[in-house]
Each structure stands twice: as structure tokens, then as C-alpha cells.
Amino acid sequence: MIWSVVVPLAGGLAALLAPRRAARIAILTSVATLAVALALTRAVALDGALEHRPGGWPPPLGIRLVVDGVGVLFLLLVALVFVAATVYGASFFDPVETDRIDTGREAYDAEASDHAVRKGPRAPEGFWALWLFALASLDGLFLTADLFNMYVAIELLTLASVGLVAITNDRASVTAALRYLLAGMVASLFFLLGISLLYAEYGVLDLEALATAISAATDPASATGVALPLILTGLAVKAALFPFHFWLPPAHGSAFSPVSAVLSGLVVKGPFFVLLRLVTGPFAPVVPEAAGLALGALAVVGILWGSVRALQQPRLKLLIAYSTVAQIGYLFLALGLAISDPAGPAVRGGVVYALAHGCAKASMFLALGAIVRSTGHDRIRRLIAPQRGAPIAVSAFAVAGLAIMGFPPSGGFVGKLLIGEAATGADQWWTLAGLIVGGLLAALYLFRVFRRVFVAVPDDTAPLPRAPLGLEVPALALAVVSLLLGLAAALPLGLVS
Amino acid sequence: MTLATLYGTLGIVLFALGLYGAIVRRRVLRKLVAVNVMISGVFLTFIAAGSRSPGEPDPVAQAIVLTGIVVTLGGTALGLALVRRIHALDLTSDPLEPLDG
Amino acid sequence: MTWHAWLPVLTLLSSLVPGLVIFALPERSFRTRTTLNLAGASIKLVFVTLIARGLLAGEDFTSVLPLGAGLDLVLHADNLSVLFALLSAVLWFFSTIYAIGYLEGSPNRSRFFGFYSLCVSSTVGVAFAGNLLTFFFFYEALALATYPLVVHRGTAASLDAGRVYLGYTLFGSALLLAGVLWLRSLAGPVPFVPGGSLPATALAHRGDLVWIFLILVAGLGVKAALVPLHGWLPVAMIAPAPVSALLHAVAVVKAGAFGLIRLVNDVFGAGALVAIGVERVLPTVAAVTILWGSVRALGQTRLKRLLAYSTVSQLSYVALGTSLLGVTASVGGLVHLVHQGLMKITLFFCAGNLAETLGIQEIRDMKGVGRRMPLTMIAFTACALGMIGIPPLAGFVSKWYLALGGLETGRPWVIAVLVASTLLNAAYFLPIIYSVWFGTPDRPWRGSSAHPTAGEPAARPWWGETGPLLVWPTVAVALLATGAGLFANAPFSPLAWAKFIVSGGGP
């Protein structure tokens, strides 16, 4: 189990030491991490949740690592997306020195290189090491069963993510990274203050011990009355729940495409996972129903707001970023419903939705990078039949779009269905309305893009250069996974019990 | 009022002050400093939380605060590095000025 | 699983797999694409026929894919699904041939045929759906697969039409989703069972059920083009003729009408509808739609728009027949599902032939075209007369059963609606038929000399009025449409099968 963290950490160190082979090391490492995740999945499917104590130390000084069905699904998701994004990154970054002036940005200048194959930027120094550290901290977050270690993992994840945004190295991205960092640090401090109040009350940090302590306490609701809102707020900021989403679109919109894919697809799922684990675990007896309603209400507003903003974006990359703001709303809808009914379909719906969205959103950002490589820009109104230059990426974008809109047979459909079922079961009609209207809005903003595929090409249009396959195929692979997740939903749902 | 409660309250006051600064101050460096005030507040609370049995220091709380200091130091350093980078990329900008778009 | 369980799945795959392969084909591989298309269409026909034979012998065809958490995708073949699947399989076969001829040499054919196949696969999925969830699953897929076909030409006009289509259809899907979720929360998985599948516990929530029924009817009504949700249909006419033909005859509108049949007969059932007091809703809406569609058709100057409004009207015959909740009326509704499909696809093929060969879009340009394109116009005339309901053509059979059904269920006003509709049908079709055969053209057609009747190229044989791939499918479906009426009492006619369905037919 510990290998899920050790492998990417070691890979990251190796990438630091051998920068010339860093891309190859990263691919090997992510594949190895996937293998570990698969082995863990098999073990969990056979024997149920697993526990590991590094060094054999018992709590409280020792740290417990626990992986259950939900955790292993997220580990799989992370490993899968990382494999695709790493393979993609290896082609995204130009391995050879070019005489082009290296601005570190994707080539947005359409006139300069219309007929040539466009070059990608060079891989910035230390990129792959940072990349693998992000993977390690994500995996750590999904494994830890200890509040303080959750804080550490989530903070390291933020630092790595901020670094990955800033590495684009232009004014917009570094500013966005700084804003991301400030929001992230304030959020973690909320989380940490909440943890310290809990520690003052119960003297434990281990989740299992905390659950015992809370259920044994005489008046647990008042004791956690301050800590819980702090923790919820902190994690909601990290997960970019409306109205704390302000940092997300500039950061995800200005990073390199593979980085955006990982940030949007995976990193925001980290705090969601922690919240899910907390409110269905130790906090289940004490979370007031009002908290669920509040999260649900924010989620609905977030879905509407994110979708409307996505509709207004002139650039495809920002559209996808705002779409993430809306999609996080779905996750929090599930979370809110899970608070009222921890055993209901909301948890399963939220998990399936998170998996589908993780693959689909990552695929969209990867596809976007391929499209930009071919067209030289991402202005939606100026895209004319982009499939001429990047047919596979455009198909990937469309297929991933199915999951985002929640259309069959995608995993998004099953997730949405389960969340909707939880909403009708809880008689929360406004939640159901938000869910359905959100799907409609998603279709509206995505069809703004889809219809560009069908625009008749004027005769005098210059042909588009072909995007490299290394950019297109990973995007399609993830999109197909998000699609098949709908038909094979029984497999992940079997692990969530 | 025990010493621990006093420390805890002080920590929360520091946290609130820092939060106020982090939200209200517009200049980036001041925001960073304010965040560090928040950090001190949280750690103070944690130390107070660990002193339930007088005279016997809680190793867990100490270990946590030490780890926390390392992590938050990393964050602060990264923030400062980013401020410098913005300045380096755009020499017209003042590193002390507020963030714009 | 035995082969019985696999057969509905295989039927689905027989168009899905070729469709996916076609997407990947380069534009120039005409031969491979055509082979795949025709092979898929033929295999599908064989599969559906096998299922029909099996059903006659009392066999059961069910396959289940559990999605976990109580969600099951169920493909189940019953008599009604076979009716619809057979219709779509037959018409897909002919319209594929037609589309190959129609789109010859135009760009983006791989994309077109890919989505064409997806569209048909979704239709088959709709036909074989064994519960409400599965129905919704394929219904949504159908909505999406159709959009690329509507906007296929990529002009500003067709993209706008696509927007309208999408707006309506997504609105319908949203309603349907709400209804499905709500009903599932009351009644569990909602399988399709003749006579209704709502458990007694659900029937206690009368108020909820009324709303659910109305929401579901509205959701399905968008595709079934019930007034006032029909606005997309005339706009979607911008699509290429084979698409319009398929949309109107089988895929989209029929999925809506088929859904209404399932909803009325197999989800709620007559008893529950009467018990919750909504049995009058659908007949009223259907009657209004029949009249409104016919009235609007009267004022149209473009042939395809006229046909579209005619579809709006004719389609509600199906809804009307089903919603009267009587045996004879149901037969009329079901048989019209097939009859309207056969006749309407012919009419659209004819319209496509006119547009493609002579550039005719407007009705006033059709004067005298009967002499230039006799085969096409004979087919057109036969089906237009059938639509009007001249005995013994197909439309007459449907209307006869509907009228009898109206009497049988104590609603004589149905006859008044049918008579009014027939008169209106006659009023918009007969002038066209007259001018086609007896008029003289005001101006030369595109691609013709100044005197179209005299200036025929001598080399052209008498049947060569346009490309063979356009003429022969038209003639074939026209023959089927005529045959369905003339031989309505034959053992395997659509009428016989409709009776078989209504009687709850076993072996």
C-alpha cells in the first residue's frame, strides 16, 4: 500500500537527478503506480478494506494508512489519468531544442506557423519532478486515515499544484498561481484550526479513534460545533465550491494543458474525497442536516453560476475551467445528500460522478491541447471544423462531453441518475431541479463547441497541420474510459459499499 | 481560566486577525504576512490543545506543530518566490502592489 | 446466457458496430463504407425476423446489464418492440441505399453514415427497452445522434435549425428525466408490462402520479411533436432528405409516439389512468394536434414543410389510437405507426428526388413534374392518397380502426376529428397531385432544357428519371406502403401484427 506513495516519490527524485531522462522516468513511474493501484484494487475487492502501519508504530505516534473501496477507486482514477497525462506530456513538451523563441507558452500565433507542424514548449526545469510529487501527495491523501496527515498531504498537493501552474512562467499564470497559493493556504489553515479544536476536545487524530470518541461523547454536537464548520469551509475552498471558486478558472485556464487536466480532473477531487470520508465516517453522527442543506444550496448556485460563466467564455480553455466549477457543484450536491442519508445512493452517485468527471475533464483538457497545437488558438468562434487537424482529439472532446452533460451511456449519466435518485428520495426537489437544469446548461455550453465541428469549411481555408498522435490518443483513451464507466458502473459501485 | 485556555483563545484571536488581514489587505506581501499571523495562531491553539495534563508535554502536538512549521514555511517561501517571479516577468510591476487580473 | 438473451443485443450491435467503424474510415473508402452499411442493415433485418419468429413460437428474449445500485439496463423483445424494430430495420435498409445515392460525392460522408447508424441503433434500443430507465437511456442517445444529421450541411441555416432542434429535444429530455426519477422513487424499476406495471403502493400517491404522467407526456410529446411542442419538426426540414425521411418515418418522432404507447399501455395501463383521472388528457391533445397540423400544412408553399406539418398531424393518430384505451382503437394506433412510417418515408424520398434532380423545393414548381419523373410521382401519388385515406390504401385501414375504436369507447367525436382531418388532408394533397399530373411548368427546372417534357435526352431510358439509387428505394417503399393497405388482412401484414399485439398474443 505504501508503494502508492513511495513509487512516485522515488520517481520524482530520480527525475530531479536525471533531468535528461525525466520524461521517460515519469512514464515508467506512472505506469508502476497504476500497477500498484490495480494490485490494491484486486486486494480490496477480495478482502475488503486494508490497513497498514508504516514502521509498525501504533497510533497516536504512528500513522495508519487505510484503503477502502472508495479510496482504491480514487487511487485507480489518479493513476489512470496520470498515465494518460504523462504520456501526453512526453509529446506535449518538445524534446529537442528548437530555434523558435521559447516563450514557454503554447504557440497561439496562428500566422507564424500555419503550415508547419507546430512545436510545443520545452519542458521547464524540474517539471517532471514536481509532477510526480503531485502524484505522490494525491495518493497519500487517499491513503491516510489521520486528520493531521490529511492536512499535510493536502497542503503538499496545493504546493505542488501551485508550482505546476506557475511553471508556465508568464504573467497570467504566475499571478494565478499566487492567488491559488493564498487561497489554498488560508483554506488549509481553516482545516488545521478545526483539527486543533477537535484535538483539544478528544485528544486523538486517527479517524477511527475519533469516530469512537465522538460516538462516546455525551454532547458531541456542541463539541464539534465550531470545528466542523471550520473544516467544511477549509475543504470547500480547496475544492473550489461556489463562492470559493474564484481561484480556479485563472489557474486551470493558464496552466499547460496536461497540468490543467490533472488539476481539474484530480486535484479538486482530493478535498472532496476527504470531505466524503469525514462526513460519512467519524462526523456522521454530528453533522447537522442544515450543513447538508447549505452545501447543497451552494452546490446548486455553483452549478448555475459555473455553467452560465462557461457559456460566456470566448476561449475554450476557460470554458472547460468554468465547467469544472459547475461540475464540482454536482459533487457537493451528492455530499449534501450523503449528509442527510449516508447509506443512500448519494455516496455511490457522487463517487461514480467523480470518477467519470475526472476522466472526462482530464480528457477535455488534453484534447484542447491537441486542438490548439493544430489550430494555433482556442477562440471558440474562430474554430472551423477543428477535426481537420485533430480528428481524434475532437472525438475525444465530444465523447468526454457526454459524461460532462450526463448523457447515456457515460459514467456521468449513472452518477447523475443516482444523485437524482437520492434527491427524490430525500424530497429535495430544488436539488433535482439544479441537477437537471445544470445538465441542460452543460449541453448548451458544450454544443457551442460541438457545432463548430459541423461548420462547413469555406473553400479558401488553409489546411490545418495535424496534431501529433501522442497528444490525441491519451485524450481519447480517457474519454472512452469515462464513457464505458457508464456501462460498467456495476464494477466501481460494487466496491463502494 | 487555565493557561491552556488563554493560549487557545489567543491563538484564535491571532487567527482571526490574520484572516482579516489576508482578506482586507490588497498588497500581496501583506497578505502573505497576514497568512503567517494566521499560521502562528493555529500553532498556538495546537500547543494549547496538547496541554491537557499539566507538566507533561504532549509529544503528538509538538510533532505536529514542527511538521506544520516546515509545511507552511514551504508555502510562504513559494509565495515569495512567485512574487519575485511576477516582478521578473514584468519589470513595470511593483512587487509590493496588489494583484490585478 | 443463451442465444435468446443475445439476440436483442446483437440486433443493436448490428448497426452500432458498423457505425463506429465507419467513423474511423477515411472519406474516400466508399466501397468499404457501403459494404458495411448494407451488411449491417441486412444483418439487422435477419435478426429482427428471427426474433419475430421466436416470439410467435412463444420464446422469450431478455438480456439484462446491471449498472449496480438497483439500476438495470434491460433489453426485452416483445410483440410491440418487434413491430417497431422491424419497421426501423426495413426502413433503414431502404433509406441507407437511398442515402448512398443521395449523398454521392458530397463531403463528410463517413461522419454522416456513422451518425446515421448510431441513430438507428438508438432507435432499436428504444424498441427493445424493457423498462423506463432503458427507454430513457436510448431515447437520450437518439436525441444526440440525430443532431449531427440535422446540421450535416453546416450552413448557417442548418446550424440554426440544429439549435432549435436541440433546444426542444433537450427540454423534452429534461422533463423525461425528472419524470423517470420521480416515478422510480414511487414505483421502483418500472418495467414495461402490458396492462401497466405500477405497484398498488404507488397508486396511493394519486396527486404525484398525475403530475408524473403529465411530465412524461410532455417529455415524450416533444419528440412525438404534440402541439404545442411540435415547433422543431418543420424547422428540422433543412436536413438532407434521407435524414428527414428517417426522422419522420421511424427514428425521432416514432420514438416519441412509441414512448407514449409504452407509457399508456405498459407503464400506467388503462386502469391506473382512469383511476387517477387523466384518461382524457392525451386524446384531447392528440385531437388538437391532428387538426392543427393539418391546418398548418394547408398554408405551406415548400413541399418539405408541408410534409412536416402533415407528420405532426398524422403522428397524433398513433397517440389518439393508444390513448382511447380501447382494443380496436389501439389496433388503429399501432398499425398507423407502421403505415405512417411507410407512407411518409416514400413522400420524403420523392421530395428528395425532386430537389436533387430538378432543384424543386417549392410546391408551385411541381406542376407537370409527373411527366418528367413518372415513377417518383406515381409513388408520391399513391402515398398521398393513402395519407388522405382513400380505400383500400393504408391510411384508410388506420382511420377505419380508429373510427370504430372511437365508437367502441363511446367517443363519437373521434369520427368528427377524423373526417375533418381527412378533408384537410385532401385539401392539401389533392391540388398537388392534380398539378403534378395535369399542370404545365411555369419555368424550366434545374438541369432541364427550356421545354422539359420535350427536351429529354434521348439516351435516357424511360426509368432513368434520376439516379437508380434514388428511384428504386422510393418505389420499393411505395410498394410496401401500398401493399400494407391492400393486403391488410394477410397473415403477416402490419394490421395482423397490431391485432396480435393488442390481443396480448402468445403462440
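Lettered A, B and C in written order, each chain numbered from 1.
What we mean here is this: a contact is a pair of C-beta atoms (placed from the backbone, for glycine too) under 8 Å apart; a residue touches a chain by one contact, two chains touch by 3 or more.
The model shown is predicted, which means the values in this text are computed figures rather than measured ones.
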Pairwise touch network: line, ring, star, complete, or other: line
Nearest-to-centre chain - CA centroid comparison: A
CA centroid of chain A to CA centroid of chain C, Å: 43
Inter-chain centre distance, chain A versus chain B - centres from mean C-alpha coordinates, in Å: 27
Chain centre separation in whole Å, for chain C relative to chain B (CA means): 67
Chain C contact footprint on chain A (complex, rising order): 345, 348-349, 385, 395, 402, 407-409, 413-414, 417-418, 420-421, 423-425, 432, 436-437, 439-440, 443-444, 447, 450-451, 454-457, 486-487, 489-494
Footprint of chain B on chain A - complex, ascending: 60-61, 148, 151-152, 155-156, 158-159, 162-163, 166, 169-172, 174-175, 177-179, 181-182, 184-186, 189, 192-193, 196-197, 199-200, 203, 205, 250
Residues of chain C defined as touching chain A within the complex: 23, 65-71, 73, 133, 136-138, 140-141, 144, 147-148, 151-155, 159, 162-163, 166, 170-171, 174, 177-178, 181-182, 184-185
Residue numbers on chain B that touch chain A, as the complex places them: 8, 11-12, 15, 19, 22, 28, 31-32, 35, 38-39, 41-42, 45-46, 48-50, 52, 59-61, 63-64, 67-68, 71-72, 74-75, 78-79, 82-83, 85-86, 89-90, 99-101
